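Same chain, two partners: chain A is paired with chain B first, then with chain C.
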Partner chain A sequence: MTKPTANTMTNNFEKNSGLTTRDKVEKSLARRRAKETRFRLYGMASVLFGVLCLIALFTDIASKGTAAFKQTSLTTSITLDGDYLNLTKDSTVDEIRFANFDGLIKRHFAKEMKPKSRSDKRELFKLLSSGAGWQIQEMLIADPTLVNSSITFELLMDDDVDQWFKHDRQLSTAETNDRLSDKQLNWLSQWIEQDRLDTHFNTLFFTNGDSREPELAGIHGAIKGTLLTLMVTLILSFPIGIAAAIYLEEFAPRNKLTEIVEININNLAAVPSIIFGLLGMAIFINIFGVSRSTPLLGGLVLTLMTLPTIIISARAAIKSVPPSIREAAYGLGASKNQVVFHHVLPLAMPGMLTGTIIGMAQALGETAPLLMIGMVAFVVDVPGFINDPSTVLPVQIFLWSDSPERAFLERTSGAILVLLSFLIVMNTTAVILRRRLERRW
Partner chain B sequence: MNDTNSMKLIENHKTTGEPFSKDVKISARNVDVFYGEKQAIYDASLDIGKNEVIALIGPSGCGKSTFLRTLNRMNDTIDICRVKGDILLDNENIYGAHVDTVPLRARVGMVFQKPNPFPKSIYDNVAYGPRIHGLAQSRVELDEIVEKSLKRAGLWNEVKDRLHAPGTGLSGGQQQRLCIARTIAVDPEVILMDEPCSALDPIATAKIEELIDELREKYTIAIVTHSMQQAARVSQRTAYFHLGQLVEVNPTEKVFTKPEHKLTEAYITGRFG
Partner chain C sequence: MNFSSLLIIVLIVLAGAYFLGRNRARAISHQGMRMHSLPNQYGTLMALWTGVPALILLVAWQLLETPIINHLLIAKLPAAMQAAEPAIIELTISKVYNLAASAGINADPSLTPAVEHLIALNERTLLLNSGMALSLCLICLVVTYKRISPNLRARVEMEKIVNALLLASSGVAVLTTIGILASVLLEAWMFFQIVNPLDFLFGTSWSPQVALRADQAGSSGSFGAVPLFAGTVLISLIAMIIAVPIGLMSAIYLSEYASSNVRKYAKPALEVLAGIPTVVYGFFAALTVAPLIRTLGADLGLDVSSESALAAGLVMGIMIIPFVSSLSDDVINAVPQSLRDGSFGLGATKNETIRQVVIPAALPGIVGAIMLAVSRAIGETMIVAMAAGLAANLTANPLDSVTTVTVQIVTLLVGDQEFDSPKTLAAFALGLVLFLTTLILNFVALKIVQKYREQYD
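Our next item is the complex of A and B:
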């Protein structure tokens, strides 16, 4: 049967069913509308599902994590006895470091709470953080003239006290005293009555490196490590990626070799990231002798991982530059370089930047390859530069999530919140940059 | 008339009419153009005289754009395109071994079918060519070139108050005149135009045709057009292409009143194309 023309179609319909074309259209219209509505519903349902999952995730993490930003401490007035500490107002930093602050604190609390036996004493001192002495030491280093004066400060409590105070205070003793004894709870309620025990913003969480003591553990080291690692990654992968994309797209001859290179770049983008870790170990550590656990090494490995992403998105951005713009420039006698750098690159830049930021966001959350190159080590010191041992946020999260202490789990969620806000900031920057740079043509 | 018929008529064809002229600016000799395996132009020989406007006409796909683009080597930007034969600009072969396309395209400018201003300001659009070729020694000189070019393109009065507004914000006809201004700012000797009015309304078209007529005093112009009226109005000579063959070249008046070749006649009387 040959296709009927529009005219004969109308005639046929009228003959066959007594319906005009108009009626047919009306009838099919209802069907089409229903289809449209159904599709819209599907779409809305899937968006809703996604949003709900996101909300569930965020509320869960936020409800657990925000507690990590608060730390329980005890308002304490203590005299910095110069004779006991062997310090004067002119003591050097080294002398201060070796002074027995822990003994001073123990003496103070023994006097104040009057524990009866040796074991009572031990239980009392367990309530205080082992970092309390360090707190005083830091204050003295900042201001040595405090020797022999009386100071009032927020003395850190142990993580068990912290958790009890933040979460379990309302529960009956029977439920909680697996970690705290009746005697300890008694002392704590004394302090609560005196209005001395309270939670404060947990600055240490943001200024300290990792620690075995949860109340002293912070993410400063991990944040610094992450920033240094990402800096190395960005400095290497952005210029290399953009240059590779420009070369492949604009200058490379079209032959078998470039085709193979292209295919393999696409393949690399799909390689599991842990393989890049192994590769980094084999090449950078074993051959080039880069030291382990450093942001430099991490950055090198993450560069390998992000390069394909950046190259692919940069090439897509270059391809999307309208050919008419190139022709216009060539037609005026612009050289290849001028066409690329005056016209193609500025127009492709927003897309390239978006791709780069997506790549960096991937690198920010990457854990597996960094485990392979030793960034999983326990590092207390905040790294100063790219050749200091350090860890990164996602690995820190991984490490803490493995700890048995409840306070560490809380910090895990806290660190996740920080990581997520990093991501949100980066992606927002990507969107803003894009808007800024995007030009109509 | 169908393709098989016309194919017979142009087999081993030699161009009829007067493809050669005396006061030559560009002369093409035995030009073959291939896209990969496919041949798009067969053995075309044609002279373009100084200060003349030559119209290239013919059915869609016959190779007008392809031929035009050989004249400033724009075909070089297409990977699969190969050109055989000689094209002489002032008696120098532009396909010679050591010819640089950069100065060539400064001498032979091009205006495209679709207006394609850069996503920059009107000023920067016009100033781009002079800038890359170093035509102006100072800001003042550059300003002068921009003003002169916009005036020649008949756009000055419309844009003189917003030179730093984006060129893409102009109307289609204004954009095309901006592209012409951009081309003449480099002060070329030859201007190639590939259907410059196909996206424009009759008023904008009339303006550009007027402009072409004025530009002829200074430049040599080759224009591809689908409008017979336009060819008749602006050109002195007309070349008719068919299926990659240069069928006939004659003074425009002659082509439109007494065409020599049967195919030309069929085309201008509207029997195909």
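Our next item is the complex of A and C:
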């Protein structure tokens, strides 16, 4: 079969359809333009979808979480009866710790509200937080001379009361949750009429460790644990990451071995984080006997996880230093090491710092590997140093999100807001650093 | 003296050595001798020789102390105990530690030799450790100090040490990989001694219960991982159905259509999605998206599980959008302008150019990007741990509850567990499968992307 030339093809075509190419093109133009607009709209819709998801996520969490920064309390005047508490103005801290403040508070409210029966009493006391006695204790430890005087303070309410006061109060009674009885609601409305029940800024959320009682649970312990863990991660991963980047970029011979190391680092950057948890468990805990749940162990695992990120960005920073700088330094008689450490490294530093901050931000939000190495333990105490058991903010969020109480849900969102603000600060710093210090050659 | 105070002492000596070396070199050169190197190079050399060996010793000691002491303690336990199972020995050892810490109160006389041995060991190792580290520090200090002379090639020697340290640092990444492989392989091997690998890979029933007594009914537990693999695939598939078209279209729009102003704000906004911690996505999926889907399903008359695969997959898809979009953005930008110009010159519209020229040219890179995104989806843990279920259902219905490999690893390993039960080991076997799958995906994807880049460089 002979191949028809283009000319004859067109001629046949025109003869068959009676249309010129030009006609065909013009006829199809409207369709093609419509397709163009459609395609463009799909693109816009995709970007919009992404941005809307972001907005939805933020508003959802912010709307759930902002209430966590407020806590309901009852303005209470109470006399610190020294005879009842067995305390004098000269009592030691230990004596104060063992005094029966809960009893004192119960006696006070029994007198004030006059509950009729034993079950009424129980219902009344349920309105108060179990941390109320602890509040007075703290005040007395700070100032023991308060014994026998009358003090007025914001007494913590139970989380059910807190949730009711913040959210359900306006709803009709039929809709309110069934966690509060009519009698309890009656007492609460009495207090509201007396203008004693109010919300205040929730300082405890920032000063307390974890607790089983939502109104007493705070993120101080988790934040401290996070900071300690990140400190270990930074101290280890920054020097090691930069040293590795310098070696690979400046000193490594171009051979098979170096290539393997490079491929290895690139792959390691994409290994699921949970695998690092397995590594930490099998190697650090079971072979080296590092104790579980500690910031030290968490920091070690996160170091291995962030190292590839830091190495890759540090290498990019070194690569961006122009060869002319190196050549000038060589020309002045500098040795290879002097060129690298005196000239290339300072110039690459802003890029390296940016990469490190981004790596740290990644480590800050990481949860999965820390679950494996015991950082899910319920830790009430605020960790003092890197070998104390502790938890970290993302794990705290994970733990709280599992709790059935509504107040914990609110606190989870509150903790997420704190975590996100940390991340925003870190990433903004990275962006500013990059804008300010990074040079374009 | 504990580890941190020893560390501080060594660091102080190290700083002192620097000044000592520098001053000594200065003094010699003041005598009119011509030194090979600069004074601060002598100082740095001194500091390196003083600090590095002692620091290596300290860290190695810190790492090896516990395993060695444990080994010595086991030898001191009663003979009957030594023959017991590893888990029991472990328990006894920790009992010994507690007894030694509380000093004196001993409920179990058979442990007394071990406790006493531990107390003695603790004293001895402390003395030995600090003594060895400090004397190593000082010996190196003195030896290097004596060596300082005009002929000592301090700069060359110092640079050699520094290079060795740099090399060692880049070795950490390799050691990490070896560590991962070793730990996962070893535990998985132990698991496959108990459970047939074929049953594990192709079995369809997953219920990793381990009996407390050997004669208990259903004591064996079943470890067929197919429902897990299916669940992982289902959730990843849902995620990719969301992420690939949206991510790809976003990348096309941002790189080909959007004005620089839109690009300036939309691109970072999408990247913020990638920076949000996965635990936040998990919370969003479990407490907002899942109930939403459930209500929607109820309105439509569908029976939606409260831990549906759809909710987890949907949110995971949102998380992955920025990965796909920023990777494809890079790839699309790497397509040479000349190809586009040629297509426009032939009269093609922008859309035709993109679909028939740019995308085919960028296809390998896009495939690589998608593979990386898939590997991300498979390895994602927190979203599924919070929003997907635990029940190992073998189903393709996205409204049902499924479980994934990562969820099972977390549930099997969180909390206290004995280390040699098949239940724990199963997690490592799953980890091995996960690691190998993602490794292969990443490896191939990176190779494709690299090849593609070279094509247009």
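Please note the rule applied: the second predicted complex is superposed on the first by the 386 of 441 C-alpha atoms of A that agree within 3 Å, B and C clash if a C-alpha of one lies under 4 Å from a C-alpha of the other, contacts with A are read in each partner's own complex, and residues count from 1 in each chain.
Keep this in mind: a residue touches a chain if its C-beta (ideal position, glycine included) is under 8 Å from a C-beta of that chain, and two chains touch if they have at least 3 such contacts.
Keep in mind the model is a prediction, meaning the values are calculated, not measured.
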| item | value |
| --- | --- |
| Partners on chain A (chain B, chain C) - clash or fit | fit |
| Partner chain(s) touched by A:His343 [first = chain B, second = chain C, both, neither] | first |
| Which superposed partner A:Arg435 touches (first chain B, second chain C, both, neither) | neither |
| Partner chain(s) touched by A:Lys256 [first = chain B, second = chain C, both, neither] | neither |
| Contacts of A:Val47 with chain B and chain C, given as first, second, both or neither | second |
| More chain A residues in contact [chain B versus chain C] | C |
| Touching partner for A:Ser335 - first (chain B), second (chain C), both, neither | both |
| Partner chain(s) touched by A:Glu327 [first = chain B, second = chain C, both, neither] | first |
| Touching partner for A:Ala243 - first (chain B), second (chain C), both, neither | second |
| Contacts of A:Thr367 with chain B and chain C, given as first, second, both or neither | second |
| Partner chain in contact with A:Leu304 - chain B first, chain C second, else both or neither | second |
| Minimum C-alpha spacing, chains overlaid - chain B and chain C, in Å | 8 |
| Shared chain A surface residues [contacts with chain B and with chain C] | 335 |
| Chain A residues touching chain C - in the complex, by the definition given at the top | 25, 32-33, 35-36, 39-40, 42-47, 49-51, 53-54, 57, 60-61, 64, 239-241, 243-244, 246-248, 251-252, 260-261, 263-268, 270-279, 281-283, 286-289, 304, 307-308, 311, 335-337, 361, 364-368, 371-372, 376, 394-395, 397-398, 401, 409, 412-413, 416, 419-420, 423, 427 |
| Chain B partner contacts - residues on chain A that touch it in the complex | 254, 322, 324-335, 338, 342-343, 347, 439-441 |
| Chain C - residues contacting chain A, complex | 63-67, 70, 155, 158-159, 162-163, 165-167, 169-170, 172-174, 176-177, 179-180, 182-184, 186-187, 245-250, 252-254, 256-258, 262, 266, 269-270, 272-273, 275-284, 286-288, 318, 321-322, 325, 347, 349-352, 354-355, 372, 375-376, 378-382, 385-386, 406, 409-410, 413-415, 419, 427-428, 431, 434-435, 438-439, 442-443, 446 |
| Complex interface listing, chain B residues touching chain A | 72, 74, 77, 79, 101-106, 109-112, 114, 116-119, 128-129, 132-133, 166, 168, 179, 182-183, 186 |
